[in-house]
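So, here's a batch of structures to check.
Two complexes follow with chain A in common, the first pairing it with chain B and the second with chain C.
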Partner chain A sequence: MIELIGGWLAAVMIVWIYSFVYKDNVLYRLAEHLFVGTAAGYSIALSLDSLNRTAFGQMAKGMEYWHLIIPIILGLTFFFKYSKKYYWIARYGVGINVAVGAALALRAAPMANIIRQINATILPLWVEGDPLKTFNNWLMILITLGGLTYFIFTFFPKTEGKAGPVNIVYKALVTIGIYGMMVGFGYLFANTIMTRVGFLIGIILQYLQPRFDATVVAMILAIIAIAFAVMKKK
Partner chain B sequence: MSVVVRRTIPQIIVALVIVLMVVFYFFYINADVSKGFTTADKALSDWAIVITAIAAIVGGIDILRYHVNQIRKREKRQIVFSCVVIVMEIVMVLLACYALYSGIAITTQPNFQWLYTYLYAPADAAMYSILVFYIASASYRTFRARNPPAVLLLIVAIIVMLGNTSLGAMIWEGFLPLRDWIYNVPNTAAFRPITMGIGFGLIILGLRLIIGKETTWMGRRE
Partner chain C sequence: MSGKLKALIAFAIFIVLLIVVAVSYYQNLGIISSGRNVAFVLLLILFLAGYSFIGTAKEGKTIPVRKIAAFDAIEEGIARSVELGKPVHFTLGYGPISTVNAPQYLAGLGVLGHVARLCAKYGAPLISTLGVPELIAAEEEIIRDAYYSGGKPELYNVTYNVRYLTDQQFAYASAVQATLHRENVGANIVVGPFWAESLIFMEAGAAIDAFQVAGTARETQIPFFVLAADYAFIGEEIFAAGAMASGDIETLASIRGQDFGKLISWILIVVGLILLPVGIKLAEYLVK
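On to the complex of A and B.
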């Protein structure tokens, strides 16, 4: 019985949320607020769980973990943001988080984001007996250099007057960079569409098809709510 | 309180933590220092996790405050919906507290699990996938061949979509290898400068925090 109610609830929620595609209506808003309330509660619940495992659970193990009382106090300083007079106390808690995040990023970025990328771009420009590999390597290097040239905003070679060799090379690299990035964005866009459509099909198969009766009832109710919203606007 | 306590000391703490965490990570002094650093580093990471957890709780309380204020203002159109949000949030938190009190994992509490499975998960999936309808209209605008780069984007997107589906393989078997080539060569090369740009951005952000130029994290200005 409880699973039947759950199945109905899931199907109804999905149909009512999708009803927004046509027009904002009262049933969409109900589903939206049910979702917001549940999501907020879920987020707090997960945080409580994390706090229990990382702080209180550890502190119960022994005195060597009692330093965790400091982040608890620093975290509680966040509540000072509601005060007009003492809001600055929250900066101490926020500061630690910002600093740890920035330090972790600073440690990883030079190697992962820069050196490894440069390393991977240093490729042989001639591969004996493999013209495709040679072509791929040239393409890799030119698109990477082109993209980098495109993102240089601090200086531009002179564009007025007769174009010099630097200007020609610069323009050629920027064009290659733009076309290369268009290929990348095309790939990204196609993948995004495929992922979303895949999600939609998954929802239909998992929630709507097994509870077809609930889907039909929810759709009828959504149509009435939309009609009501349209009439109200008129 | 003086500006020193309100602004300068938090900035100094941020700069100190960043410098110490970065310097001791990259430079080896001796075994004792290295061991001490590893312990302190682990402790600081735990601190960040604890603070983040409390920040998320504060965020949840913010939502609650907003809806309580809506009810207080007696907004006719919003009052019922605000009550729904408050009730659902409190129910979820109470179930979580009950699970903690019972000594079981929150996500295994039967009522919590039921709400997650039949309310949160489908609604979350629906909210995520609803974008497909907007992407459809965006596709129409994107896939218009206005200039050569747009034509290239259109061709690549069509090849990748056909390469991802069985329909593409039925039309021409070469779509799948072509999709893989696009992914491995031009796509990888195109995102390389972007990845490097992100890296430079992160380094500059860290340096700005160290020298106290970056102040947005401190919130409102005085």
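On to the complex of A and C.
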């Protein structure tokens, strides 16, 4: 019985969420609000569980975990946002959270974003007997140098827009960088769309096809809801 | 403490850390992970460069920034919204802030400040949706300050301006697209770290003919913004935009520090390419 209800609910909600593709309607709103409300409730449950497991649960084991009180206090500072006088205290919690994230990003940056990228770009400019490899290497080097030049924001030729060898090289590199990126974006776009279509087929096969009756009922209801929305607008 | 003394202390710390790297490398002490000595030295150089640029910026030296089309387009979008009598929408993403995406959320906040100031200037109502619970207070403060300092306190209504939705991806995405439609926004500005929801936002904005400016530093999502938005910040442009928008000279100086790192990379690639034909493999030295 629970499986049947679950199957119906999944199929109906999917169809109603998809109904937004044509027009906003009352059934989309119902599905959306259920989705957002459930997600918010789920987040609260997850947060409380995480707090219990990683903080209070550990602290209950003994004094060796006393330091966990620090993040708890920092978390509590968030509630000062409701005070007109002491709202500034909430900034400390936010600030430390942001700093942790920035430090995490920084830890791996020199190796992953700089050294490995440099190493991957130092390629032979001439490969004996393999013109395609030579062409690929040139392409890789020029696009990387062009991309790097494009993303340098505060160092650029001061006589930008005027003629001169520095400006010509700068402009050429930036152009190569932009075109190279666009080709890369095209590939990424096509790749992602292919994956998304795969998801859509998966949804149809996993949820809609097994509960064909629910899908048809949900579609009829969605068409009625959309018709009402159109009439209301007129 | 005077500026010179601070610089001296920073330089002394730099030298001490360099000595630590050298001793660790030659004595195999294992203080720094194997193969990361050059990366660590590079990080120190970038710290010192950033510190030095911040110092010179504080002394009044201006930092030129190249034109970023998407940044200039924000004002155009807001002005268009006002002409049409529609509100402006901004969102910076969802999820926890203490992750590697924190710099992108900060860049988003910088751009939000700029958007809010422009909304105050033109008298446009601003709706900011978000799925980052830690940033609710920061957003409220930014928008309140912008409207009050812009002489439009009547436009500040916290429940209207700042809408926390949820930190679950697709629930947040469905609520954002619904907000775009129901509020019939005139400009949709999307800056921060985004995942699969990026195209959903762009499609929803395009369906209501909103003027769209979007940006993220997440490579897999940039194509969607480039394709579907009127103007897009490509990758690191969001950090430069965040710094420009904040108007904070120190943040701008830190962008110059990052640029210095890119210049070093550029030079190392060219040097590596020159040395390769003579049998010297720079790549091997970099991972020692």
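As a working rule, the second predicted complex is superposed on the first by the 223 of 234 C-alpha atoms of A that agree within 3 Å, B and C clash if a C-alpha of one lies under 4 Å from a C-alpha of the other, contacts with A are read in each partner's own complex, and residues count from 1 in each chain.
The rule we apply is simple: a contact is a pair of C-beta atoms (placed from the backbone, for glycine too) under 8 Å apart; a residue touches a chain by one contact, two chains touch by 3 or more.
Remember, predicted model here, so these are calculated numbers, not experimental data.
Participant: State whether A:Val100 touches chain B only (first), chain C only (second), both chains, or neither.
Facilitator: both
Participant: Which chain, chain B or chain C, ends up touching more residues of chain A in the combined arrangement?
Facilitator: More residues of chain A are touched by B.
Participant: Is A:Lys133 in contact with chain B, with chain C, with both, or with neither (first, second, both, neither)?
Facilitator: Neither chain B nor chain C is touched by A:Lys133.
Participant: Could you tell me if A:Lys171 is touching chain B, chain C, both of them or neither one (first, second, both, neither)?
Facilitator: So A:Lys171 meets neither chain B nor chain C here.
Participant: Could you tell me if A:Ile44 is touching chain B, chain C, both of them or neither one (first, second, both, neither)?
Facilitator: Once the two structures are laid over each other on A, A:Ile44 reaches chain B alone.
Participant: Quick check for you: in the superposed arrangement, does A:Thr154 touch first (chain B), second (chain C), both or neither?
Facilitator: In the superposition, A:Thr154 contacts chain C only.
Participant: In the superposed arrangement, does A:Leu125 touch chain B (first), chain C (second), both or neither?
Facilitator: In the superposition, A:Leu125 contacts chain C only.
Participant: So, A:Gln117: does it touch chain B (first), chain C (second), both, or neither?
Facilitator: A:Gln117: touches chain B and chain C.
Participant: Can you pull the chain A residues that chain B and chain C both touch?
Facilitator: Comparing the two interfaces on chain A, one with chain B and one with chain C, the shared residues are 17, 20, 29, 31-32, 35-36, 38-40, 42-43, 78, 81, 87, 90-91, 93-94, 97-102, 104-106, 109-110, 114, 117-118, 121, 141, 144, 148, 151, 181-182, 185-186, 188-189, 192, 196.
Participant: Once bound in the complex, which stretches of chain C touch chain A?
Facilitator: By the definition above, chain C touches chain A via 36, 38-40, 42-43, 46, 63-66, 68, 96-103, 105-106, 134-138, 140-141, 165-168, 170-172, 174-175, 177-178, 181-182, 196, 219-220, 222-224, 226-227, 234-237, 240, 252, 255-256, 259-266, 268-270, 272-273, 276-277, 281-283, 286-287.
Participant: Could you pull out which chain B residues touch chain A in their complex?
Facilitator: That would be residues 1, 5-7, 10-11, 13-18, 21-22, 25-26, 43-61, 63-64, 81-82, 84-93, 95-97, 100, 105-107, 112, 114-133, 135, 139, 142, 148-150, 152-161, 164-165, 182-183, 185-200, 202-203, 205-206, 209, 217-220 of chain B.
Participant: Spell out the residues on chain A that touch chain C in their complex, using ranges where they run on.
Facilitator: It comes out as residues 17, 20, 24, 28-29, 31-32, 35-36, 38-40, 42-43, 78, 81, 87, 90-91, 93-94, 97-102, 104-106, 108-111, 114-115, 117-119, 121-125, 141, 144-145, 148-149, 151-156, 158, 160, 181-182, 185-186, 188-189, 192, 196.
Participant: Contact residues on chain A for chain B in the complex?
Facilitator: Against chain B, chain A makes touches at 2, 5-7, 9-11, 13-14, 17-18, 20-21, 29-52, 54-55, 58, 67-68, 70-72, 74-76, 78-79, 81, 87-88, 90-107, 109-110, 112-114, 117-118, 120-121, 136, 139-144, 147-148, 150-151, 177-194, 196-197, 199-200, 202-203, 207.
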